[in-house]
Amino acid sequence: MTHAPHSLTLADVARHLGATLSGSGETPIRGLATLRGAGPDQVAFVTSRAYLKDLAATRAGGVLLHPDHGGSCPVPRLEMNNPYLGYARLSQLFDPLPSRDRAGIHPAATVADDVRLGENVCVAANAVIEAGAVLGSGVVVGPGSFIGADSQLGENTRLHANVTVCHGVVVGKRVILQSGCVIGGDGFGFAHDGSAWHKIAQLGGVVLGDDVEVGSCSSIDRGALGDTLIGDDVKIDSQVQIAHNVQIGDHSALAGCVGIAGSTRVGRHCMLGGGVGLSGHLTLCDGVQVTGMSLVTNSIHEPGVYSSGTGAMDNHQWRKNAVRFKQLDDIAKRLARLEKRRG
Amino acid sequence: MTHAPHSLTLADVARHLGATLSGSGETPIRGLATLRGAGPDQVAFVTSRAYLKDLAATRAGGVLLHPDHGGSCPVPRLEMNNPYLGYARLSQLFDPLPSRDRAGIHPAATVADDVRLGENVCVAANAVIEAGAVLGSGVVVGPGSFIGADSQLGENTRLHANVTVCHGVVVGKRVILQSGCVIGGDGFGFAHDGSAWHKIAQLGGVVLGDDVEVGSCSSIDRGALGDTLIGDDVKIDSQVQIAHNVQIGDHSALAGCVGIAGSTRVGRHCMLGGGVGLSGHLTLCDGVQVTGMSLVTNSIHEPGVYSSGTGAMDNHQWRKNAVRFKQLDDIAKRLARLEKRRG
Amino acid sequence: MTHAPHSLTLADVARHLGATLSGSGETPIRGLATLRGAGPDQVAFVTSRAYLKDLAATRAGGVLLHPDHGGSCPVPRLEMNNPYLGYARLSQLFDPLPSRDRAGIHPAATVADDVRLGENVCVAANAVIEAGAVLGSGVVVGPGSFIGADSQLGENTRLHANVTVCHGVVVGKRVILQSGCVIGGDGFGFAHDGSAWHKIAQLGGVVLGDDVEVGSCSSIDRGALGDTLIGDDVKIDSQVQIAHNVQIGDHSALAGCVGIAGSTRVGRHCMLGGGVGLSGHLTLCDGVQVTGMSLVTNSIHEPGVYSSGTGAMDNHQWRKNAVRFKQLDDIAKRLARLEKRRG
């Protein structure tokens, strides 16, 4: 479904992936596709048993798969122990975006005089970069994106279009910020005087580690005093809200629509499902997984999988059960009473 | 509350709506309003029985209503079997936006040389349109909006301000994209090597059918290999997240804050309430409705209304019941034991 | 962690806060920090008992605290009955943002000829302001922000970068709009003709009172006919969705990811926790609090705290209980039967 800007042979691809080639390596390869969709100039892949049924009929130029799955493959094979990882590397080979970047500052961009730019920086039309900002080599700033005063972007970081990085934000290397996300908006802090709210100026910043990705329209708020801290290799999906002074440990992944309240600390290698909510001032240890749309209101000190809520059912049944939920304490007490009377 | 740029008579309005006029058609009409708020140069409407109580006292120049409801109307009537549809058509007649569009490319816009533009295209200040994009006749691109390389917009499609359409996105005719939405950001795909994440380049696109609307700050991610597909006449509210390779059938409507995980397929004429979450790789058949904030983790094969969760109650009561929820399996087993002992 | 642009003495700070100084007032103060982090030129603060343990070891130049907590303070004290309020005022004193604003219109901004501007208005690069807009004195419009035709911004209101204020929106004084938020996108209104949707043009506007704050990537939709109304001193966090014709009373606070459906009215001094959902056409009286991720489907007429849902637990336990939830009505009936047989 995609085609590389340049042509490779299957043997080139095998070398790039560190895969073991089985069959002819001379086939020219110009893209990748699913087993069903691939033509003779594309590589397909088998990343789980579920796809094996499509293997025999594939017309792909080569198939990337686990050594155990190669038996019935009708075309040359690229064997790897982790073919899903191979697919990831292969996909990057055929990504058209990097070849489109043009180094330099577009004449319709606005860059303050004292901004420090590394080599091969690309700044697109209508981007605005304020005083004191520092952009490492290979940074790409998409159209309409904004970088506030004194913020820093590490090497090879990419801001897509219409991204906002507020002032005093530190972004690591190879970070990807999708369109519409906002890094460093004010945290939500107010003091109440008995009748009205008084804003607490949010004087901290945000630090994003290396290899972080932030999805479309997500927001990571700046700290009240200290910084909001996102570790290395943290992957954040679209529509996520991370409040002030939250800390996320390295290699954790947050699916779409997650919301994390202020000062909560999430460990390393955690995974939060779509729509999960974490209350403020909690600690989640390393290796915690929370399933979709669960609400966590207490700290979690043991790795494992956690959940809340009730699965969807027919609305008519649900109404009857949801009413009973409101009687649940009463039901439990009546049951205990009956048990007691039985002796 | 609104006034048309031009003056119409009540008879003109009746003709425009295909309504049956009852009473004088000469009243000049310059806008529409509620029964209570309307003055003599405005049309009011009755779209449900609940509003009939306000009918007798209305000062409107005319009232749009169902033939069965006209009895006590003190002013000229516009009768239609679907007055809510009439209200929709009437509202468009008085929308001030289209009259403000000025065809042409604003001097502060940045449009690549090879972009193909139909007739009467409007490109506002600070919009950026990349190489290879195709805009049909009557397309409006709002201030600060971005259209990526090779994307296509069908006739009479409107992007409000600060909209992002990434590269390789196909948008149908008469589509409306509200401010801040992002179409075609990367899907959330990573392979894990046992210690770190590796990005899967998102090589697919997004296809929006004709007459789609996408709300403010919503995001529709591009596909991993194939495209994310949004059918004709699909209406998507604000703050919605649609993940990669999701498919939504024609005429479905998604309320605010909905989140749909990757590769899930929603049928035609479905309705998802506010905050609904759908897990990945599910299929919802045609005609499914899901009520607000429900989580769906299994495919649904029968049309109907589905729900999950528990309704809000006093926090003190809720705490007692929520604790019991954690004992529910135990409660059920104890009950079964008691029943058995009863014989 | 922050330093003021100008130097103050501790006595100056006491005067500014209206605090009672105890100890020498001559210490120069250049910022504020936590008890643990503060150096001798910074003020620290004790806003709750939980921090008292850090008091004895602080190196701060002065500590802001309640008169009851001053006993063991090793450094000069600033005593106030509401030290959290004092912290808020102090934080504003050291906010670097206002000192960076430069009055005037950036040459890369696009401002329509007939826009009315008060004194000391700042319009940053790539901002776009359409015809008929009115900006009060001291208004700051950040880079890439858009103000639609005929909208009004009261004195000293600040739009951060990439904010969208659509046409016909009225914004009060001292309002703060964080990056990526959208005020006045179309509400979600469609009439169904039995097979397809017909858009209802959203002809109302949005009115934001004085001292409102709206967080990053939040959206407040314009009314269908009348306006969406946000009262004075309403604080709205990031990723919030407020639908058409909602009304929010003065001094209410909405945490991140809240969603409010159309025409619902929230009273004064209400607090909605993160991820709360309110159905449409409800009324919440003054003083209602709803805890995180609760769904409210009925009006609330008594002040108090309300909740729904179930707390997170180990996934294995949860699965067993969630299955039982679907049997809850049956469980309740069986229990009643047993009770009856007991007589």
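Lettered A, B and C in written order, each chain numbered from 1.
The rule is simple: a contact is a pair of C-beta atoms (placed from the backbone, for glycine too) under 8 Å apart; a residue touches a chain by one contact, two chains touch by 3 or more.
Here is each chain with its UniProt name: A, B, C = UDP-3-O-acylglucosamine N-acyltransferase.
The model shown is predicted, which means the values in this text are computed figures rather than measured ones.
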item: Copies chain B and chain C touch via same or different residues, half shared test; value: different
item: Rotation, 0 to 180 degrees and nearest 5, that superposes chain A on copy chain C via CA atoms; value: 120
item: Length of the line joining the C-alpha centres of chain B and chain C, rounded to whole Å; value: 26
item: Where chain C touches two or more other chains at once, by residue number; value: 108, 126, 144, 162, 180, 217, 239, 257, 275, 309-311, 313, 325, 327-328, 331, 335, 338
item: For the chain B and chain A complex, residues of the former touching the latter; value: 108, 110, 126, 128, 130, 144, 146, 148-149, 162, 164, 166-167, 180-182, 185-186, 188-193, 195-204, 217-219, 221, 224-226, 239-241, 243, 257, 259, 261, 275, 277, 279, 290-291, 294-298, 300, 304-311, 313, 317, 320-321, 323-325, 327-328, 331, 334-335, 338, 341
item: Touch list for chain B against partner chain C, complex; value: 1-2, 32-34, 37, 82, 84-85, 87-89, 91-92, 94-97, 100, 106, 108, 124-126, 142-144, 160-162, 176, 178-180, 211, 213, 215-217, 233, 235, 237-239, 251, 253, 255-257, 274-275, 292-293, 309-316, 318-319, 322, 325-329, 331-332, 335, 338-339, 342
